[in-house]
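I am attaching a structure below and will ask some questions about it afterwards.
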Amino acid sequence: MQAPDGDYETRVRSSFDKQRFMTTIGATLSRVQPGEVAIDLEYRDDLVQQHGFLHAGVVAAIVDSACGYAALTLMRPGTAVLTVEYKVNLLAPAQGQAFRAHGRVVRSGRTITVCTGDVSVVETGSTIAVMQATMIAVDARDDRRD
Amino acid sequence: MQAPDGDYETRVRSSFDKQRFMTTIGATLSRVQPGEVAIDLEYRDDLVQQHGFLHAGVVAAIVDSACGYAALTLMRPGTAVLTVEYKVNLLAPAQGQAFRAHGRVVRSGRTITVCTGDVSVVETGSTIAVMQATMIAVDARDDRRD
Amino acid sequence: MQAPDGDYETRVRSSFDKQRFMTTIGATLSRVQPGEVAIDLEYRDDLVQQHGFLHAGVVAAIVDSACGYAALTLMRPGTAVLTVEYKVNLLAPAQGQAFRAHGRVVRSGRTITVCTGDVSVVETGSTIAVMQATMIAVDARDDRRD
Amino acid sequence: MQAPDGDYETRVRSSFDKQRFMTTIGATLSRVQPGEVAIDLEYRDDLVQQHGFLHAGVVAAIVDSACGYAALTLMRPGTAVLTVEYKVNLLAPAQGQAFRAHGRVVRSGRTITVCTGDVSVVETGSTIAVMQATMIAVDARDDRRD
């Protein structure tokens, strides 16, 4: 896929760095390519559900972000991205030491971008969640839903 | 709706209290009724996205939990609940001081329970997210996906 | 909810009448109110799945249409509506003689409208499907996805 | 992926042939492999929406069926498959003469199977819809939702 200019990675990293919740949970941007973004997360025992596995809310948050930033790489400069909606299937308990979320653009339009994503356990390669998401481009100066 | 016994609230609170991620973000169980659960959350500046509003990952996490526990209130003793999948639409920026997530059972089956949920801003009553979720009952002693 | 003018029902009926697939399956528009539309369908044995119940594809099609037209009632004249995406849970077999799909607007924006819908069996009132859908307004003269 | 026995194609074709709605719209099973099924459909002018393109309800119906049968190929003999829920994004107008829906299993469990699917235009290879779906295995003698 083709990014609109060479600054897509700067735009993505600049936005990601302002997401304080990503810092709170220890997520990091590990890959930013046109139409594809990866986010890494280490296991921490303050991020777990009742059985000691990574909480589904954390799993969903990192793959939602990966999808959103994958969409942003293909959007015009001056544009921000918002999640319209997503759907996530949780396939297996998030059991492991390190997790990687991938987001990929399936279709990039002027307004709407559709992405798919997944989360896997780094040690085993096992996929623990899959996502299908809809993103919208908004003017970066007026970064609200219409 | 009819809970299977009088201990449904104890079962829900006991599970919720073990979800360390809920404690990490400051979420609290504010209502537990048969087929309906509410979870409250105060704004905190370590839970925000790039524009200073509550992160969508946090919004989704509390309504997913509310839906899961709403399902659990109607499940038999000895049963645990897992999220199979959910879909969430984010309607407006999560701008406010206090947020409330509601989960409600739409259909309760032996294996599968379907719920709807929403998140609103307490000050304004404005709905900022809606969810439709599928939960599954599993044996509490072997609390994994099959 | 407030329609933008008094012609919303005419716009909805005019579009519905051009959907030949709705005629093919025998669906009819039974209610058009601002932000809410109902579509009725009679059982026919050429619309069934392998156990003789109404096919899920037919169930989803009528509630998707009901949601789309509910969205259209609140859109400006000169606008057409397209389904961006929907998610449907099938709660029970579609067993009955007559079915009614309802679509309701949850949030109406300039570009994006979010709806919920359901399908019930008329004889019993039993809900057999629930939907959460995202619609987009497009210029009626250039009625494509961007 | 590994089918449980050599009769998976027979089981799929036998069930498909009983879906009268698939016959009504002219859909045919074009590929049945363990964990993957394709369904073909020719354009017909009684299956269209208001602009003369294939109706989204038809698009969704064939990819839902492809996902369900992909799941069934991996289920034990004596089992039937039901759609718990699906989510579909419509990417572009369904404009063309021939359409192919693919369903693929992402994760196959004892009870729950998760699939992804897509629909493309045969002439151009263009993808017009993507789906993420949850299927459930039920006893074939008592083929209802629990």
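For reference, chains read A, B, C and D in written order, and residue numbers begin at 1 within each chain.
One rule holds in what follows: a contact is a pair of C-beta atoms (placed from the backbone, for glycine too) under 8 Å apart; a residue touches a chain by one contact, two chains touch by 3 or more.
No experiment lies behind these values; they were computed from the predicted model shown.
S.K.: Based on mean C-alpha positions, I'd like to know which chain lies farthest from chain B.
M.R.: D
S.K.: Which of these, B-C, B-D or C-D, gives back the A-D interface, meaning over half of its contact pairs coincide by residue number?
M.R.: Interface equivalent to A-D, from the options B-C, B-D or C-D: B-C.
S.K.: Return the distance between the CA-based centres of chain A and chain B, expressed in whole Å.
M.R.: It comes to 22 Å between the two C-alpha centres.
S.K.: Would you kindly tell me how far, in whole Å, the mean C-alpha position of chain C lies from that of chain A?
M.R.: The computed centroid separation for chain A versus chain C comes out at 31 Å.
S.K.: Where in chain A do residues touch two or more other chains at once?
M.R.: In chain A, residues 84-85, 87, 89, 91-92, 114, 134, 145 touch at least two other chains, as defined above.
S.K.: Considering the complex alone, what residue numbers of chain C touch chain B?
M.R.: Residues 87, 89, 91-92, 106-107, 114, 116, 127, 130-132, 134.
S.K.: What residues on chain D touch chain B, complex-wise?
M.R.: Residues 84-85, 87, 109-112, 114, 134, 136, 145-146 of chain D touch chain B in their complex.
S.K.: Where on chain B is chain A touching in the complex?
M.R.: Checking each residue of chain B against chain A gives 15-16, 18-24, 45-51, 55-58, 60-62, 64-65, 82-93, 143-145.
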